[in-house]
Amino acid sequence: VQPARRGKLQVVASIAPLSYFAERIGGSHVSVSVMVPPGGNPHSYEPAPRQMVKLGEATLFIKAGSGVEFELDWMDRFLSINRELRVCNGAEGVRLIPIKHHDEQETHHHEQDAHHHEGYDPHYWLSPANGVIIARNIEKALVLADPAHRDDYAVNCSKLVAELQALDREIRQKVASLKSRRFLVFHPAWGYYAEAYQFEQIAVEEEGKTLTPGQMQRVIEKAKANHIKVVFVSPQFNISQAKTIAAEIGGVTRSVDPLAADYQENLRSATQAFSESLP
Amino acid sequence: MTTPVIECNRLSVELGGVMVLDGVTLSVCKGDYLGLVGPNGGGKTTLLRVILGLEKSSGGSVSVFGALPGSFPERIGYVPQRLFFDREFPISVRELVLMGRLSKKKLFQHFNRIDREKADAALGVAGLERLADRRIGTLSGGELQRTLIARALAGEPELLLLDEPTASVDPQMKTTIYDLLDNQKKKLTIVLVSHDIGGIKDHVSGIATLNTTLYAPRDICL
Amino acid sequence: MLQEIFAFEFMRNALLAALLSSVACGVIGTYVVVKKIGFISGGIAHTAFGGIGLGYYLGINPLLGVIPFSLAAALAIGLLSKKGKVAEDTAIGTFWAVGMAVGVLFIGLKPGYAPDLFSYLFGNILTVPSFDLWMILLLDLLILAVVWLLSKEFLAISFDEEYAAVSGLQTTALYLVMLCLIALTVVVMVRVVGIVMVIALLTIPAAIARMLSRSLPGMMVRAVVLSALFSILGLWLSFLLDIASGATIILVAGFSFFLAQGWRFVSTFLRGR
Amino acid sequence: MLQEIFAFEFMRNALLAALLSSVACGVIGTYVVVKKIGFISGGIAHTAFGGIGLGYYLGINPLLGVIPFSLAAALAIGLLSKKGKVAEDTAIGTFWAVGMAVGVLFIGLKPGYAPDLFSYLFGNILTVPSFDLWMILLLDLLILAVVWLLSKEFLAISFDEEYAAVSGLQTTALYLVMLCLIALTVVVMVRVVGIVMVIALLTIPAAIARMLSRSLPGMMVRAVVLSALFSILGLWLSFLLDIASGATIILVAGFSFFLAQGWRFVSTFLRGR
Amino acid sequence: MTTPVIECNRLSVELGGVMVLDGVTLSVCKGDYLGLVGPNGGGKTTLLRVILGLEKSSGGSVSVFGALPGSFPERIGYVPQRLFFDREFPISVRELVLMGRLSKKKLFQHFNRIDREKADAALGVAGLERLADRRIGTLSGGELQRTLIARALAGEPELLLLDEPTASVDPQMKTTIYDLLDNQKKKLTIVLVSHDIGGIKDHVSGIATLNTTLYAPRDICL
């Protein structure tokens, strides 16, 4: 146990963007660590003992709560290590959206409704508006866990919320002039972002599933029809498959990160990347 | 008494499209000591395997102790011609011989002192005391052959089926084995497959020649 | 030092899990090694993915699909290799691939966002819930009971199946029981310690034990002890150096294996002089 | 219909990849099946993960670590099983686990973001880059050349290694060459079509072919043809039904395997009457 | 002429901690036909394996054709006592016999018409024409034994080492094999391991008994 962390509220977040919120709101009163290295495949995923020690000492755990891969089953296991742990659900109050099937999007609405409750796009943090909700959720949780510093948390939170709202306006402004509003991603992580700024996200891995020939065909046709020349990929994954798609549409691949730790800066650079890519 | 122990009636067996046994009619009675000879590929091993229930007949009938083959495993001892095994398997000669007692035990029942004693006795008879704790992977050809004989004897069978048990056994042991079988022949019914007609003819009570069909006294019960 | 390590519940759980797993893996690993079906751990774990996919498709807890699916796979592998004259490794490989393919298809059939269902299958020794400890204990007891009751039968079918059949044993049925026991061990252990560690613990301790043993029970005892030693040493090292625990345990075991091989090689070489 | 399918380059590439893979997998699969080392595909692929981890740790292209790592693993597996009297499945299992553990540790040692390194290892038949087609073609040519040149030697060491040694062959060296060829096939194919399909293609066609063949070359030809048939049929079906292509190919192959087994069973049963 | 083909000088071999051969001194000359007898576990197989270079000696020296064991594989034919193989392996009897030509070919060289003819001739000699296209997994014990003999003969060796080649062969074939060896004994040097002393004594030019140590005429070169 490092002395620097003594006396601080120990917080563990399940993904890096959430730790950004916790650090900003908690300020000097909290010590935040990220539980899982992003992109860890369960074949090879292994927390180190020190990480588990941190989890054991933590007072508050912030989970994404939206069905992010490793949280599905690992959460229970983490919680069983430290049963006193308070859990903050970052997604509380967020309107989660199901990823829509390209073809069915307009036509079969009722059918869609029937299975909406089944699966949601978990990447809700990628819109600043949801960022505001996350910030409030985390503030609430920090206050409950450490009422002594409630005022500091409130101040930090309002400051962050103001920044997020500014960021939202900034992005809106930036994309306002774009004519074409469709971008192509390999893994469908940018649905909330797309919804917030009236983009349409075309995903190669529709609903995060293994590719089918029809899927490939639709994506390629759509990309060609929309003169899309960039395939966006997450830096966690090998880009070779995305490169093949890019070759098929005569374009290139570019990296945008749904899990970056510097939340605001990342959204800015992603916006830059999307804007530049559109014809 | 002349209870038939093995009865084959116009038995035929087909393997991989080849008629290996064709119309074999044979009865072996209690106390018989039948020598079974015949050319390579004549079907001797196959006949034993049918009697043991390891191979299905494609025609005719077989009965062993008056029932279908495989009904009374505890009354039969078997010395196979070849053993396919893993040389690195961690099993000692003693344990392998103890396996001969398997048919005497029920499921879940463990081997007890009596089983161990019988196994040790069989080891002694086969002259293997010295090798009892050896891993079977290190045995010589003849030593392995003897171990298989000891295994069959450990089960105290009423019917003993031996498939060329002396093929790679030295002359001294060969005599020992023949003498041993002679000693037991009052209690036992024996079918001995061999190419060593000279060696067995003074011991057996009858010889049948198998070359797809059987050339033998039709009924050799005494 | 040790006290410090075991101040944490997760380390206590990890140690307990390691010790309890050693029993299951040592005993079952012995059969896996002498039957030369090391492939089966990976095979069953990945076939189980088909069960996960089915559970997900039916909208039930994906884990409910795992045990029936893997037991069915074990039975099918056993029947294929006994009745169909297919080598075990071929049968296992087929089920591995088919199980995974079935899982992928089921996930594709279900509309909605598809999570990475593999995480249901694979655990980690540092995150063993107390409940799972009870499960391994139960598994250990089951294995010990069955192996004790069927010790002579399992020995007979492992070494010389034909003679076992001649002796009146139901060899196919017994083999299926053995495979089910193996499958159960694999799916339970995979959830607790992860696939890689299961492969390691089923293979390495038993392989070293075989070099030292002349009987199956002796091999089992040695495998259990070695497995426990590797686990404890690995956990301790991983805590000291703050590196992944499962990986450290595996490396300790792997290193010991190479050491044992080297020693064997040198000793035969010296004798061979 | 066919025209429609092949209007897309990715489908043309997938078909070409499937056909080219069939050659490599059929020929190499024959050795894998008769040597009973089906385990090796999974083993080499996962050992290669260690190489990926090392490459990542060193900050070079992770793929650079794969081929040296997997060839080294093949050599080590071969030496262990020839010189060390370890069964192949045990040697492979050990390397599988150790390779993965090494990969995990390297990832853990490097600070910062750990990407999903598995995605470097596993491809998908629908996204085969044209460049990779050339690679498989090269692999095919290499395999055919080596297998043609060493056909009698490979047959000798596969069937009766002792007699091969008595005949003056360098059996260990030849076996290592064979294993390296297998390892190369696995790592190249895994990148192109994914691990599951490699396991399936190395196992299933060769296993069916063995039932129908009386010689090794005959088995190879049949395995290649079967593998190609399954791939084409699977691709076509997956296009028709719009389901995952790799999974469909595997299911077609698996279904054919069960059919062949069933037919064999029924025919021996009928004859056995 | 009396060139020594095999020369063992105070050879000793240890296997798994057991002295299997101890101080064996033996020379076999060109044209000799040596019968090697001895009890099970006497070390006969081990001696052959040392001569073939399959097993290392732990003391003394061996030379074969004046060189270390394993130097001239193309001049030696070998019939092993046991063959461990996979019954499902897709190889026909003809191909197995063709393997006997392996030592005559260089690396990368393929078998040609001559090799095939020699293999077929060997098949004929062993009476296996009828089975030539059979998968080896379906052979009977004796048929397999003959196949192994045919394989050794196909290589046209100068030195033939046979480890109980007639152990499970029928009497007729046994005579054929002995006659065959007799016919070749002018061209060949033969070491024949057998337990059938009676059977071989009229054929061989000398008999040595091996029981860890060798009991034989010190030098049996003619």
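A, B, C, D and E are the chain letters, set down in written order, and residue numbers restart from 1 in every chain.
Keep this in mind: a contact is a pair of C-beta atoms (placed from the backbone, for glycine too) under 8 Å apart; a residue touches a chain by one contact, two chains touch by 3 or more.
Since this is a predicted model, take the numbers as computed values, not measurements.
Student: Write the angle of the rotation needed to overlay subunit C on subunit D, where the fit uses Cα atoms and the result is rounded to the nearest 5°.
Tutor: Subunit C sits rotated relative to subunit D by 180 degrees.
Student: Ranking chain pairs by contacts, what comes out on top?
Tutor: C-D
Student: Please identify the chain with the largest separation between its CA centroid and the CA centroid of subunit C.
Tutor: Between subunit C and the rest, the longest centre separation is with E.
Student: Compute the centre of every chain as the mean of its C-alpha atoms, then state which one is farthest from the centre of subunit B.
Tutor: A
Student: Just how far, in Å, is the C-alpha centre of subunit E from the one of subunit D?
Tutor: Whole-Å distance between the two chain centres: 39.
Student: Measuring from the mean C-alpha position of subunit A to the mean C-alpha position of subunit D, what distance in angstrom results?
Tutor: 37
Student: Report, in whole Å, the distance between the mean C-alpha point of subunit C and the mean C-alpha point of subunit D.
Tutor: Between these chains, centre-to-centre, one finds 24 Å.
Student: Which whole number of Å gives the spacing of the CA centres of subunit B and subunit E?
Tutor: One centre to the other, that is 29 Å.
Student: What are the residue numbers in subunit C that touch two or more other chains?
Tutor: In subunit C, 36, 85, 87, 104, 108, 196, 243-244, 246-247 touch at least two other chains.
Student: Could you tell me which residues belong to subunit E and also touch two or more other chains?
Tutor: 88
Student: Where in subunit A do residues touch two or more of the other chains?
Tutor: Residues 41, 43-44, 46, 48, 209-210, 212 of subunit A each touch two or more of the other chains.
Student: Note which residues of subunit A are touching subunit C in the complex, please.
Tutor: Residue list for subunit A touching subunit C: 41-50, 52-53, 55-56, 67-70, 72-74, 76-78, 80-82, 98-99, 101, 115, 118-122, 188, 207-210, 212.
Student: Which part of subunit C faces subunit A closely enough to touch in the complex?
Tutor: 8-11, 13, 59, 104, 107-108, 110-116, 118-124, 126-131, 194-196, 238-239, 242-247
Student: Spell out the part of subunit B that touches subunit C in their complex, as residue ranges.
Tutor: Residue list for subunit B touching subunit C: 52-54, 70, 73-74, 76, 78, 80, 83, 85-86, 88-92, 95-96, 99, 102-103, 105, 107-108, 110-111, 133, 135, 151, 155.
Student: For the complex, which residues does subunit A have touching subunit D?
Tutor: Contacts found on subunit A: 37-41, 43-44, 46, 48, 209-217, 220, 235-238, 240-241, 243-245, 247-248, 259.
Student: So in the complex, the part of subunit B that touches subunit E is made up of which residues?
Tutor: For subunit B paired with subunit E, touching residues are 15-16, 37-42, 45, 81-82, 84, 87, 131, 138-143, 145-146, 163-164, 167-174, 195, 197-198.
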